[in-house]
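Look for subunit A in each of the two complexes below; its partner is subunit B in the first and subunit C in the second.
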Partner chain A sequence: MDNNEVLLKVSNLVVHYETHKAVVEAVNNVSFEIRGGETLGLVGETGAGKTTIALAIMSLLPKNTGRIVQGSIELGGRDITSLSAREMRAVRGRDVSMIFQDPMSALNPVMRVDAQIAELIRLHRHVSRLDAARQAQEILKKVGIQPERAGEYPHQFSGGMKQRVVIAMALACSPKLLIADEPTTALDVTIQAQVLDLIRELKDASGTSMLLITHDLGVVAETCDRVAVIYAGEIVEYGTLEDIFDHASHPYTKCLFATIPSLDKDVERLQPITGPAVNSADLPEGCSFCGRCPQAREICMTHDPSQVEVAPGHLVKCVLAEEGLL
Partner chain B sequence: MSVILETKKLQKYFKTPKGFLHAVEDVSLQIEQGETLGIVGESGCGKSTLGRTILHLLEPTGGQVFFEGKDITNVRGRELKELRRKMQIIFQDPFSSLNPRMTVGEIIGEPLRIFRVTRSREEYSRRISELMDLVGLAQRNINSYPHEFDGGRRQRIGIARALCLGPNFIVCDEPVSALDVSIQAQILNLLQELQAELGLTLMFITHDLSVVRHISQHICVMYLGQLVEKAPAKELFTNSLHPYTKALLSAIPIPSIHAKRERIIIKGELSSPINPGPGCRFASRCPHATDLCRETTPELRELGPNHFVACHLAGSAG
Partner chain C sequence: MHTEAMERLNKKKKNKSQDKAVGVWAEVAYRLSRNRAAVFGLVIILILVLFALFPQAFAGYGYDDQDYSRIFIAPCAEHPMGTDDLGRDIFSRVVYGTRISLSVGLISMLCSLLLGGLLGSLSAVNGGVSDNVIMRICDVFMSIPGTLLAISICAALGTGMTNLIIAITIALVPSFSRTVRAAILTVKDQEYIEAARAIGASKARLILRHMFPNALGPIIVRATLDVAGGITTAAALSFIGLGVAPPTPEWGCMLTQAKQYITSLDKWYIVVFPGVMIMITVFALNLFGDGLRDAFDPRSKN
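Our next item is the complex of A and B:
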């Protein structure tokens, strides 16, 4: 894939969950692009809508409640929101694949791991059973699982090894885009370091692009090229690693950094983000962060700011940016 | 400062079909009055089991526990119940550690009823209100149920319950691991304020190294049931001596793009804690392991002021 070509283009995406009690506005007007070979980090807290965006791209939103209300998702120039279930099945696993947070529930507990991967290969490629089995062994070897263990069942592996199997499965058909939803949150730090290194190595070797969903800014700093900070279903700040880590501009991004205890600086008191988390079923009229924002003013309560480009490629959605005060 | 809690060669084994699982092996440590001792390690290293064994939620297999100078290893019955007034625990998961069918007031007040602390209904309600104020819960929530709250406020209920009987020692078992960073900071600040106000001694169990550095004065690092290093908090981060501690510290992702450091990736995963043989338990993953490491278990040695390491090679040329 050419490095400058846009692989994934999400434009004005709006996703709602509808129940008979309320409409939850999970994703509100989100737009971003991922280029070939690039990694975009999607950062935010629980309930910000990170996973919903991933599920919308995979077309895996819960059937009865989740709905793409507006917007388009283009993968390699083709809008995949309008594909039929059957056409989407051909895309999923071959062009886009996903690594889930919890490796145990992502694997079939009553199927040997090599068979699970071979099944996927046979679904997307016309190869014989024997070839599929051989390819499955090969990819398992790449993620560090020796052939003598390939015939075991998921429960025989530890958490880190299971996540390796899931990674092998996601990369089995060399997808163009890999979506990793909190791939290391369930793992210990030393295992996390192994798994992140593995993902990075394999991704670089195959030129795959990645959408990495996480709440850990440390993981972002080590893995991503660009970052989108998401709050209440909106991208509040978007830019390169340098824009976000050295020139964080949105009050929410700044707050996020201030809440993390530092490993090398002494801080007497942490600065928590005060106020209750926003309720996506009842979003405020103005800026959705204004209830917790230390810099909020009266205008923030009623006026919903639009994204402003404060530097080339660095977008901030805040009244302060609109007024040129950042 | 005086030592409030001490363990000597504390052991806890669990019987499994394959043999004995050595969850806590010969752990000796001391906690001073009013300090916070952090216990770090990865899942399965025995840190929670250690906390629970100290509190008698699990019975120790061997070794001794001293609390305020008194041997409490074998206390039972009424004596044990009295001990609960002084030693409490805050659990990791604020979702499963609160009874969903009790109101906030009932949960916080339950210890008062069990220990018959309050003499009248008024005193009972007043004490509950005081506790709710102390942990920052609004009075109007007294009749709400746990499911009506978010994780952070649920954890505040758990903290109020632990403080109810006026304990002086609290084991905090991963109290912020289930929370978002913004909420985590609120709870950490609350714990520090309460500690200063009430003179509490905390044993803070966590896998998050940045949290433990922030909150503790001393840190113990555990690996597969054994204490491998104990040092003052800042010292551990600037001058760690055990190879496992070094690898652990180098594996933490740092939220900065200027942090340049060498990462020590340790190969493999934890070996089995069931019927472990002699020798250092980290030897199979340790890049510096020698035959000595595989044959004899290293003892904790003091290599700097208050800095203890269980490694044959630490301090020598290697």
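Our next item is the complex of A and C:
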């Protein structure tokens, strides 16, 4: 595996959703890299813009409203934002594939599961119908679905098995990049661990890189090499797993960790982050987290800080970092 | 331990693994065969199709064989449905009429399925301006009652079977596009469509392989109802003299000729049999259509 080669490079990405009423600044100036075989975790609360980033990479933004305003997305050195619809279709499913949040609704209910996987294989590889069917069976076996059940319809599977099928589908063409959009959110806890293990195992075996979108820090700790903490469409903190978990610097990241109940302490109430998440249609002039930040000061209201490298590879976007106070 | 129940379970398992090999169509056929009402409808349709294909084999007389010595004979062994005012055998005419009624109904349904399906899916998938334009044009057509529209088109084009089919198709297309559009809109934003887009499927594939099959239920029901609607519209047009011209034995046309005897109770057979044929055909098509909708949905399996 060419571990040091940059596979995906997102630079200064800005995505807006434009409706006749308002412009929602969903993603603001986001940059990150994923190297070959590496997993990047994208962590943030609901509405922070995590899924929008994923959709922008797949170029599946809702076509009437979503728009990449600025920035580039390079996959293996090629800017995919400028590709034509036809070229992009060849990329999707072959180079980049996606695991959707809800396996219950991500499979076509009137197609047998092996046919759905075979369809994907035939879209990207020149193989006969028979070969595609055989390859579909094989990949299904890899995710633990017996051949006798491969010809069944999605409604005949349980949620965990459907997610296995979705994973099989995402990895059928050995993509370079796998985007997993909260792959375990819709599953119950016992299945979550199994599914995560399965994803990790298969992606390691094929050397696939992964962008894991989640709001579950436990999942991040288990799976990721690097973490980007995202708030209101901006990366507020970016670093390796150790940087984020052992040296969390941004107040938001600290708040996130504070919300997790600890096993050895007997806590009556959880520690929420006070206040509502900021409205992306109406971002404040200064730091977007200042309204909820326990360490906010006067300057935070008016000054939007830039990212500062507090340690090699560890970026923090906070006034405190700018002033060298971290 | 080996019980009877276990044996039954094993057998069931075996059967289950056997139908793995069956194709999707075979499965649809199997599910259809389990639905008695649909099979009943299908049998009637098949009989009608046989009538339409080989009328000579069933009819004892030609459709325009006149015999003035044998007018107004009530149903008997030789003339199962009696004879009309010109001494023609009504049963033979009904059998020959099947060909015209069925083909008018089926062809106009297929044409409107093609046209309406295309317009409806374009409008649902593209949305925006094209949706608005297509749907507003449909609104214009739908503001005119279907039969009236068909009458005016027929009047403008003249009589004859082709014109009849054109008229009926145009009358059916707007509401058909509506149905297809509504059906596709309900599945269009489902996550599996997004997922199909995410594996690199083209627009045509998205529509044909993923949206259409999932939206099939209402479309099939609509299509079978439209065959029935086509047949009745054709009958209505022939009834007022705009459809096929006599002596061609179209059922509606036969009703027209029988209308002067509608008040004479002793000649009931002239009016009743063509009317009953229309009713039976429509009924059979509806039964079959309902069954087909259920059979196409794998979720309705047992």
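Just so it is clear, the second predicted complex is superposed on the first by the 321 of 326 C-alpha atoms of A that agree within 3 Å, B and C clash if a C-alpha of one lies under 4 Å from a C-alpha of the other, contacts with A are read in each partner's own complex, and residues count from 1 in each chain.
We adopt the following convention: contacts are C-beta pairs under 8 Å (C-beta built on N, C-alpha and C of every residue); 3 or more make two chains touch, one makes a residue touch a chain.
Given the structure is predicted, the values throughout are model-derived calculations rather than measurements.
Within the superposed three-chain model, A:M58 lies in touch with subunit C and out of touch with subunit B [touch as defined at top].
In the overlay built on the shared chain, the residue A:V43 is in contact with neither subunit B nor subunit C. In the superposition on chain A, A:M98 makes contact with subunit C only, not with subunit B. In the superposition on chain A, A:P109 contacts subunit C only, with no contact to subunit B. Once the two complexes are laid over each other on the shared chain, residue contacts for A:I213 go to neither subunit B nor subunit C.
In the superposition on chain A, A:A26 makes contact with neither subunit B nor subunit C. One of subunit B and subunit C touches more residues of subunit A, and that partner is B. Legend: residue contacts after superposition of the two complexes on their common chain; A:L256 is shown touching subunit B, with no touch to subunit C. When the two complexes are laid over each other on chain A, subunit A has no residue in contact with both subunit B and subunit C. Of all the residues in subunit B, the ones that touch subunit A in their complex are 42-43, 150, 180-186, 188-189, 192, 207, 209-211, 213-215, 234, 237, 247-248, 250-257, 259, 263, 265-266, 269-270. On the side of subunit A, the complex with subunit B involves touching residues 45-46, 158-161, 188-194, 196-197, 215-222, 241-242, 245-246, 255-257, 259-264, 266-267, 269-274, 276-277. The touching residues of subunit C, counted against subunit A in their complex, run 17, 20, 24, 127-128, 190-192, 194-202, 205, 209-210, 213-214, 216, 296-299, 301. Here subunit A touches subunit C in the complex through residues 58, 60, 64, 89-94, 97-98, 100, 102, 105-112, 119-120, 123-124, 148, 151, 153, 155, 166, 169, going by the rule given at the top.
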